[in-house]
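What follows is a pair of complexes built around chain A, which joins chain B in one and chain C in the other.
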Partner chain A sequence: MVPSASANETNIKLPFSFIFVSMAALMASQILLLFQSDFLMDSQFRVPGIWSAAHLFILGWALMIAMGAMYQLVPVAFLTPIWNETFGFIQFGVTAIGTFAFAHFLFHDPQNALIPGIITLIGILMFLFQMFMTLRKQARPTILTLYVGTALVCLLLTIGLGITMLYSMKSGAAADYYFAIFKSHLLLGTAGWFTMLIFGFSYKMVPMFSLSHGYSMKPAKLVYPFYAGGLLVAIVSFFTESNVTLTFGLLLQLIGFAIFIYHISIILKKRVKKKLDRSFTFALTAILCGGLIHLAAFITALTGVFSKVVGPLLMMYLFFWIAFSIIGYLYKIVPFLWWTAKYSKEIGKKDVPALKDMVNDRASTPVFVCLVVGIFGVALSLFIGSKAVFITGQLLFTIACFLFCFAIAKVVTK
Partner chain B sequence: MILDNRGLEPPQPMMRTLDALESLPAGGTLSIINDRRPMFLYEQLDEKGYKHKTSEREDGSYLIEITK
Partner chain C sequence: MTLKEKVLKNLKRVMDPELNINVVDLGLIYDIEFPEEDSVYITMTLTTPGCPLHDSITSGVRYCLEEMEEILKVEVNLVWDPAWSPEKMTPDGLKQIGR
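Take a look at the complex of A and B:
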C-alpha cells in the first residue's frame, strides 16, 4: 500500500516541544559558560560549572533538537510513521526533566548526579527504542538507514559509557580504564552520534534545499567504512594507549570526512537552484569546518601535539561543525514544519504565504557573523589564555544564540 | 505527461520531477502525484515563471499540474 501524507506526518506539537525546550537549554548553557572564565583560562575543563554547561549544551540543546528534528524528519525521509506518538510525548517529558535535573546536580552536587543521570538515560533509551521500532518498519532500508542506525548505536554507547563513568566515580570500579572510557564517551558522542546523524540527514536535505538531481550516491558507500572504521580504530587506541593507532584512526576519519565533502560538492554541482539560501550556505560552511578540524586533529596527532590541543579542537568541533550545522538546517526545517502544520489544508483555497516568507533569510546573516566571531574569540582565548577575549567572545556568542532563538520562535507567529 | 511519485523516499520525487521538467517542451504540462506538497520546488517554479496548481486527492496525496 502506498502510504498517504497524513499517515506519515508527526503531530507538530512533538517536534516543537523538543525545539522550544532545547532553546532554553541553549541559553542556560551559554550564560553559565560566561561565568566559567577562570577555569577555562586554566584549561580546567572538568569542573562542575563546565560539566553542567557542556551537558546542558549537548544533551539539553543539541540532543533534544536532534530528537525533535528526527521525530519530524524520519517519517518524511524514510516513509515510515513514528511508532507511537504518545510514547514520544512521555519520552520528551522524561528526557527534559532528566536533562535539566542532571545539569543542576552536576553543578551543585556532582556526587549525586547518578539518579538524574539515570532519568536522562531512561529518556534517551526510550527515544532509541522509539526510533528502533520506527525504522524496523521501513520497507526498503538504504545506505542512509545505516548512517542513522549507526548514529543511534553510537548514542547508546555514549550514554552507556557516561553512566559507567558516574558509577566508576562513586564505586571506584574500572578506575584503570576511566580515561579510556572518558575519551570513548567524547568521541562517540560527537564524531559517532552527531557526525553520523548529520551525514545521513545531509544526504536527504542538501539535494532538497539545493534542488539537485542526476548525481551519484556511490561515494556515500565509501564515506561510511572509512569514517566508522576510523571511530573503531580510535577507540581501540584509547584502551591500548597507542598513539600510532590513534593517528591511524584519525586518518581514516579524515579520509571519510573528505570523501563526504567531495560528495556534497558533486551534489551541489548538479543543482538547479543557483542562489542558495544564506542559512543553508551556513550549514554547508559548517561541513567545511568539520573537515578542517578533522585535518587539524590528524596533523596534530602526527606531530605529537594532539593531546595538548584536543580540548580546544573538541570545542571547535562542537561549535563550528555540529552546532552550526544544526543552526543552519533549523532555519530551513522550522519554517517548513510550521508551514505544513498551519497552511497545508489551505493551499488553493486562499492566498497563503510562501515558504520563504516564514523566516527572514537575510536577517540571519548578522546572527551567523556574531556566532562565528563570538566562538572564534572564545577559541582564541583558550589558546592565548586571555580572560577579556573570552568574555567578549562568549558574550557575543550568547547574544547571537538569543537572536537565533528569537528568529526561530518568530516563525510560529507567521 | 503524468508522473506518479507516491511511495518514493525524498529526495526522489523532487529529482524525478526536475528530470521530467528538463525534457518538457515549452508550453507543455507536467502532472505529478506526490505524497506531500513539494514545498521546496514551488519557489523554483515561481522563479522560472512556470504556472502550477495543487489539489488534494481523495487518498490524501497531491496532484500538481505544472505548465512550462
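Take a look at the complex of A and C:
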C-alpha cells in the first residue's frame, strides 16, 4: 500500500480574505453598472463608468475570488502546500489596494490610472510567483497542472497587454496595434485565464462533488490542444485582421469546449451520488452555456456578423459561463472552508454538522433564477436598446448578487 | 464484543461531512491491526487523493479511537493504493447514497 502525502491545509484566513473583499467588489461593480444605462443603450462600452465597473467585476470579483479559491484548491488538488502564506497575505493586500484604486482612477481620472494599474500588476505578479513556486514543488505534474499553468500564463499576458494599452494611450506608442492588443487582452483574460482555470478545477471538483469513479481522463488531453490552439489562432487573426483566421480559431475553441462538455458528461455518468446539489447543478449548467456561446461565436463569425454581436456575446460569456461557474462552485467551497476552520478539530469527538447544513442549498434556486432572468433582461436591453428593460434586468441581477453574498456571508454564522 | 468490533463501532461516529456517511460504511477503513495490547494501527483511504477533508477525517479517526478506554496509542496510515471505489461501500452506505 502506498502512503499518502503529508498535510496540505491552508490558513483559512487567506482564501476568506480574498472571498469577502471580492464580494464587496461584486456589489460595487453591479451598482455602478446600474447608473451606466445611457452609455450602454448607445453601445458606448469604452467609457469611464463601464471601464471601472468591468474591472471591478473582473479584477475585483472574479480574479480575486479565483485567487482565493486557488489558495484553497491548489494544495488539495495538487497535494502541494502553498509556498509562502505570509507572502500570500501581502499579495492579498497589494492586489486589493491596487484593484480598488485602479477602478477608482478609471472612473474619475483614466489618464492617471497607470500607477494603480501597476500596483494591481504587482499584486497579480506576486500571485503568479506564489503559484509558480507552489506548482514547481508538485511531485507529479498532471494534466490539471497543464490547464492551471496555462491559465496562469494567460493571466500574465492579459495583464501585460492591459498595461501596454494604458501606456499606448498615454504615449501613443503601438497605436496601430491598439485594437489587436485590446482584443487579445479580452480573449486571454476570459477564454484564456478563466476558461482554462475552470476547465482544470472542474476536472477535480466535478468528480469530487458527484463522487464519480472509474472514468477515463483521455479526452482532457484532446480538449487542451484544440482550445489552446484556438486561442493562439484567434490572437494571430487580431493582428493580421483576417476573418477567415478568426473563424478557424473560434472553430478550434468550439471543438475543444465540445470535447470538454462530452468529457464532463462521461464523468457524471460514472457518478455514485445520484442526487446532485442544486448549486453544483448550476455550475454544470454554466458549462453547457459556455458551449452554446462558443457555438454562437463560431456561427456568427462564419456568417460575417461576429463583430456586430461580440459585445453581447462577451457579456453572456462573462456571466453565463464564468460568473455562474464561480457562483455555483462557491456555494460548495465556502461551506467547506468554514466547516474546516470550525469543526475539523471536533470530528470524531462529538456530532458535527454536515457540509449541506452549512448553507441553504435549496435557497440558492431563486438566486440562480434571478441571476439568469436579470442577465437575459440586460442582454435583451442591449439588443433592443430599451433603457427600462436594462434597469429592470440590472436591478434584478444586483439583488440576486446581494442575496448570493448574503448566503455566503451567512455561512460563517453556522 | 471483540476489540476490533468496538473499534469499528466507534469509527462509525466519524462522518464524511460532504456525503454524511460514516467512514466504515463508505469503505474507507482498509485494515485494523493491534500491534500491541493497548495500541491500534488503522490503514485507511479517502474517496479521492485530492480530498479537501484529508486532515479532518484522519484526525477524526484518531480522536474517536483515543477516547476508548482500551486504546492508548492510535496510528493512522493513509494510503491511496489500492484506490477507493464504490464497490468498497457497505450495503448500508450504498443505501444512504440512494443506490
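Operating definition for what follows: the second predicted complex is superposed on the first by the 407 of 414 C-alpha atoms of A that agree within 3 Å, B and C clash if a C-alpha of one lies under 4 Å from a C-alpha of the other, contacts with A are read in each partner's own complex, and residues count from 1 in each chain.
As a convention for this text, a residue touches a chain if its C-beta (ideal position, glycine included) is under 8 Å from a C-beta of that chain, and two chains touch if they have at least 3 such contacts.
Everything quoted here is computed from the prediction, not taken from an experiment.
Participant: Identify whether chain B and chain C fit side by side or clash on chain A in the overlaid structures.
Facilitator: clash
Participant: If we overlay the two complexes on their shared chain A, which of chain B and chain C does A:79 touch? Say first, second, both or neither.
Facilitator: After superposition on chain A, A:79 lies in contact with both partners, chain B and chain C.
Participant: I'd like to know which partner A:204 touches here: chain B for first, chain C for second, both or neither.
Facilitator: The answer is both, since A:204 touches chain B and chain C.
Participant: In the superposed arrangement, does A:342 touch chain B (first), chain C (second), both or neither?
Facilitator: neither
Participant: On the A-aligned overlay, A:352 touches which partner chain: chain B = first, chain C = second, or both, or neither?
Facilitator: So A:352 only meets chain C here.
Participant: Under the stated touch criterion, which partner chain does A:410 make contact with: chain B (first), chain C (second), both, or neither?
Facilitator: In the superposed model, A:410 contacts neither chain B nor chain C.
Participant: Hey, what residues of chain A end up touching chain B and chain C alike?
Facilitator: 2-4, 7-8, 76-79, 204, 207-209, 211, 213-214, 272-273, 336, 339-340, 344, 347-348, 354-356
Participant: Can you name the residues of chain A that touch chain B in the complex?
Facilitator: 2-8, 76-79, 140, 142, 204, 207-209, 211-214, 272-273, 336, 339-340, 344, 347-348, 354-356
Participant: Show me the residue ranges of chain B that touch chain A in the complex, using the header's touch definition.
Facilitator: Answer in residue numbers: 6-11, 14-16, 18-19, 35-37, 39-44, 46, 53-56, 59-62.
Participant: Inside the complex, what are the residues of chain A that reach chain C?
Facilitator: Interface residues on the chain A side: 1-4, 7-9, 72-73, 76-79, 204, 207-209, 211, 213-214, 272-275, 336, 339-340, 343-345, 347-349, 352-356.
Participant: Write out the stretch or stretches of chain C touching chain A in their complex.
Facilitator: The contact residues of chain C facing chain A are 13-15, 17-20, 30, 43, 47-57, 59-64, 67, 77-82, 84-86, 89, 97-99.
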